[in-house]
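Naming follows writing order (A, B, C and D), and every chain is counted from residue 1.
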Amino acid sequence: MANSKVTSMREAIGSLVPDGSVVSIEGFTHLICFAAGHELIRQRKQDLTLCRLTPDVIADQLAAAGVISGLVFSWLGNPGVGSLHAVRRRIEGSDPRPLYLEEYSHFGMVARYTAGASGLPFFPLRSYRGSDLPRVNPRIVEIDDPYGGDPLYAVPPLNPDVSIVHVQRASAGGDAQVWGIPGCQKESAFAAGRVIVVCEEVVSDEVIRSDPNRTLIPGAIVDAVVVAPGGCHPSYAQGYYDRDNPFYLEWDVISRDSNLIDAWLEEWVYALDDHAAYRTKLGAERWSALSPGDAYSQPVNYGDYS
Amino acid sequence: MANSKVTSMREAIGSLVPDGSVVSIEGFTHLICFAAGHELIRQRKQDLTLCRLTPDVIADQLAAAGVISGLVFSWLGNPGVGSLHAVRRRIEGSDPRPLYLEEYSHFGMVARYTAGASGLPFFPLRSYRGSDLPRVNPRIVEIDDPYGGDPLYAVPPLNPDVSIVHVQRASAGGDAQVWGIPGCQKESAFAAGRVIVVCEEVVSDEVIRSDPNRTLIPGAIVDAVVVAPGGCHPSYAQGYYDRDNPFYLEWDVISRDSNLIDAWLEEWVYALDDHAAYRTKLGAERWSALSPGDAYSQPVNYGDYS
Amino acid sequence: MSFTSTEMMVVEAARHLAGVRNCFVGIGIPNLACSLAKRTVAPDLELIYESGVVGADPARLPLSIGDPSLVVGARSVTSMFDLFSLYLQRGLIDVAFLGAAQVDRNGSINTTVLGSYEKPEVRLPGSGGAVEIAINADRVFIIVNQSRRTFVEKLDFVTSPGHVGHRTGSVGGPTVVVTQLGTYRFVEGEMTLSSLHPGVTRDQVFDATAWKVAVDEGVVETDSPGQDELLALRSLDPDRVYLK
Amino acid sequence: MSFTSTEMMVVEAARHLAGVRNCFVGIGIPNLACSLAKRTVAPDLELIYESGVVGADPARLPLSIGDPSLVVGARSVTSMFDLFSLYLQRGLIDVAFLGAAQVDRNGSINTTVLGSYEKPEVRLPGSGGAVEIAINADRVFIIVNQSRRTFVEKLDFVTSPGHVGHRTGSVGGPTVVVTQLGTYRFVEGEMTLSSLHPGVTRDQVFDATAWKVAVDEGVVETDSPGQDELLALRSLDPDRVYLK
């Protein structure tokens, strides 16, 4: 295939994510690229700022491993379970180090990515009035309606140095298709200076081009394509595997004790070469339990006009 | 089917588009709802303002028939052919009556719909600087970047009284799916006070729900569903029929002479009961010549998680 | 049939959805309330999730607002930009549920920190979409476990505004608060006890509220959950994941 | 091989696409120039249309910017909001083609009216996407038939700005103008003749320009279309729809 951008996670993270980078890893409830998070930990990246609406277990792992020094976010927690204890230790007790927070709401974060993706210097939204958020985050500013209506608020563009975007399928050139919850995968990709697409599977150009409306991210803005099936575990990828709920409950126990986290990171990240090893270590039985049945979309006819 | 909104074009236009309405009929190059345009003419609607990025032959017909008194637009012409002669006669010579123009650019119109669809009082964009457009349209205003960068421009929201949106398939409840060029069908629908969905075919809820990412317009905002296969002729509907290029060339001749237009409108609109009669009158041979072959999308697997 | 205080909360919340067209659903109790309402007082209720799912019809009890079972068979699944812009900010949302770590008499909510923002004693999750939901949804229902720690005189942090100065008249803002003790409405922007759940006394309410809570003159006893309501509810959460 | 002046224009425009990654294509001559460039100097050139089509690979000569054959087999097809926001305004467009009813020495363009805006002698189509393309594309190529009616001293209406006051240095603005007579570049914002097509004299250029057009010191003769260029071009438009 011409112009293939397919590479290993090691190479992509190694060459495209220098220490100190502002990194976006989105994926709302699914398509959360734990495989990339683990590689960041494995390569002992330093001083990253993580941009993510919902820093969840992936953020707790990155915080515990000392990879991130800050969060740009709108909701942090272990969804459906409780707290991120490593993140909380850093915030509440600077234990072992402080964690810098730049805090918005979901709509504010989405609007920031949209401005960044659109080349706009700000994005207007109806939110924040009466909230303390603008008081603690001076980048959230009040603006006037030029047509004389009520004032509203603005947020600045968010342009990460690099966005890591997990998708279901991509061509070798990086054209990426997503189904299920799109979150802000598209906006975080267009907003970024560099884009790493991580996919469940590489497909031919013909598959992509058979349904061009499904393409969320064009290869033109993609720097690397990494194939990492199962790379969202313990989160899910619509149609490929389910959320591993027991893991989120286990993490609540692990995350309360920094020694347990260190042991977990050693066993599941540092001691493993790559995500393929993690996948194998999880075992066929666990993957099988997470496998959904089939539910295919009805096709549409684009028509042959040749 | 529960909550069916399926009705006739006559009923939908009659009850939802009173004289004096601001009406959006979008569809960029395809999905242009001529069937609705003809029904507006047939019912001798008066004093409508047509919102449409590209007033083309449909606008020429509405202008010639005396249905519209104004255009909100960004490009007017017979695409690939030349001028809209009826529209030009009204603009250049007030012949037989003036036509009020509110003029933007494509991005300006798209931004107006987006603001209207989003509940925003304005939409910012980088355009217009150095152009005469803001001079002749005072609703295009310069605004400041609240973060101190270069000033940019804003356009106000566009909220049509009613949007008429042609789609390929819809459920009886109005959930509408589109493929090919989406244009601003979605934004014009969400921006409108009332929505008429016109579809090539009604499909079951199961078809819609088999691919929820394809749904552009939810039934919740739809007031009426009209089934009008072929309703975009002479424009096209991706996968259903091709553009009838000879018609656009014929229209260039017809449109130069208001007597020819009157005769055309009499023969093809006033004398016919509805769009089904128009379809029949065009003839099977013409439709056959416009039929594409098949080119189906590859399905995606949403997964069965029950 | 006997019932738990959680079941009372869910049943009571569901009843307030009668006639509602759509609801912005949170996971857990609000999801149960909406699902119950669909089987009782609001069969056409459209479930909308901030994850972008519109018209969900889940085949199993969803464990997150982005559960894959919410996506399969939904009416529409859209980007978060579209969901917050075209649905919420456009004003299409009839009712939204919000939870709270702290709530005050005006229905303002704190889900950000306990203690100071800069050096919090407890760092809570933050707003998520709550602040824009509080501002843009037509009506907001608050479901919360009531105690002096949650019903406070002054919030440590205002995450989502309730009936505060900028709201004009009756437009927007929380309209109903349901706790394990009772149900509250807002009278001129102040939370006012409108019904006491069966077996709950006014003193229990006063003890669990850090301010002197207003009581409606016509305060009544909340109807006990009916058998049909309880059976429907329990079938929605047979493992009692949320109905603890 | 002999060639027409239209063929010369298309071939010359295509040559300027050497090394270009993507191009915002108009229909007709620009589409032919881009398609020719893909077969000659820029095989990886990505064709982007304002209709929302990205990476088109049409099976037939498209007759409009939204031809269904542009959609089938494209890399991506997106909303106009996304196309104008994420591609154009984001700064991803390398080259865009614009046509003109009138152009001035700074490369500003009129496609709106002849005569006054309020009472035009000729109402032209208007901007379409031209004004934002002129402002946001990295480089703009203008293709136009040159005469004193089109190369004017003062535009009746500025639809799309060229090199006017607000542009700083070399950022943005038209970079190349190709007509049936010659090719122009911009020197300090002024259109300057850089090559004369074969057989065309300077006097022909002066006669077809309403202002005293600048001529580059190093003005050369445009290379004639090569046989490979002409054959490739003619295969793209065998019915000579645009190559009249």
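Methods note: contacts are C-beta pairs under 8 Å (C-beta built on N, C-alpha and C of every residue); 3 or more make two chains touch, one makes a residue touch a chain.
Computed from a prediction, not measured in an experiment: that's the story for all the values here.
Chemist: Name, by label, each chain that touches both members of the pair chain A and chain B.
Modeler: Chains in contact with chain A as well as chain B: C, D.
Chemist: Going by C-alpha centroids, which chain is farthest from chain D? Tell me that one.
Modeler: Of all the other chains, the one whose centre lies farthest from chain D is C.
Chemist: Just curious, how far off is chain D from chain B if you go by their C-alpha centres, in Å?
Modeler: Each chain reduced to its C-alpha mean, chain B and chain D end up 29 Å apart.
Chemist: For chain B and chain C, what's the span in angstrom between their mean Cα positions?
Modeler: Here the centre of chain C sits 40 Å away from the centre of chain B.
Chemist: Among the residues of chain B, pick out those that touch two or more other chains and give their numbers.
Modeler: 114, 119-120, 125-126, 180, 182, 186, 210, 213, 238, 242, 292, 295, 302-306
Chemist: Among the residues of chain D, which are close enough to touch at least two other chains?
Modeler: Residue numbers touching two or more other chains: 53, 67-68, 71-73, 77-78, 89, 136.
Chemist: Can you tell me, using the touch rule above, whether these chains form a line, ring, star, complete graph or other shape?
Modeler: Shape of the chain contacts: other, as it matches none of the listed patterns.
Chemist: Mind giving me all the chain pairs that touch?
Modeler: Every pair of chains meeting the touch criterion: A-B, A-C, A-D, B-C, B-D.
Chemist: What part of chain D is in contact with chain A in the complex they form?
Modeler: Within the complex, chain D contacts chain A at residues 21-22, 44, 46, 53-55, 57, 59-60, 67-69, 71-78, 82, 85-86, 89-92, 136.
Chemist: Name, in rising order, each residue of chain A that touches chain C in their complex.
Modeler: Answer in residue numbers: 28-30, 53-54, 73-77, 79-80, 83, 87-88, 91-92, 103-108, 110-111, 114, 125-133, 136, 180-184, 186-187, 236, 238, 242-243, 245, 292, 295.
Chemist: In their complex, what parts of chain A are in touch with chain D?
Modeler: 3, 114, 117-120, 175, 186, 190, 208-210, 212-213, 215, 218-221, 302-306
Chemist: Which residues of chain B touch chain A in the complex?
Modeler: On the chain B side, the touching residues are 119-126, 141, 143, 145-147, 149-150, 152, 154, 156, 168, 177, 179-180, 182, 207, 210-211, 213-214, 238-240, 242, 292-306.
Chemist: Report the residues of chain C in contact with chain A in the complex, numbered from low to high.
Modeler: 27-28, 50-53, 63-68, 71-73, 77-81, 84, 88-89, 108, 112, 117-123, 125-132, 135-136, 157-161, 164-166
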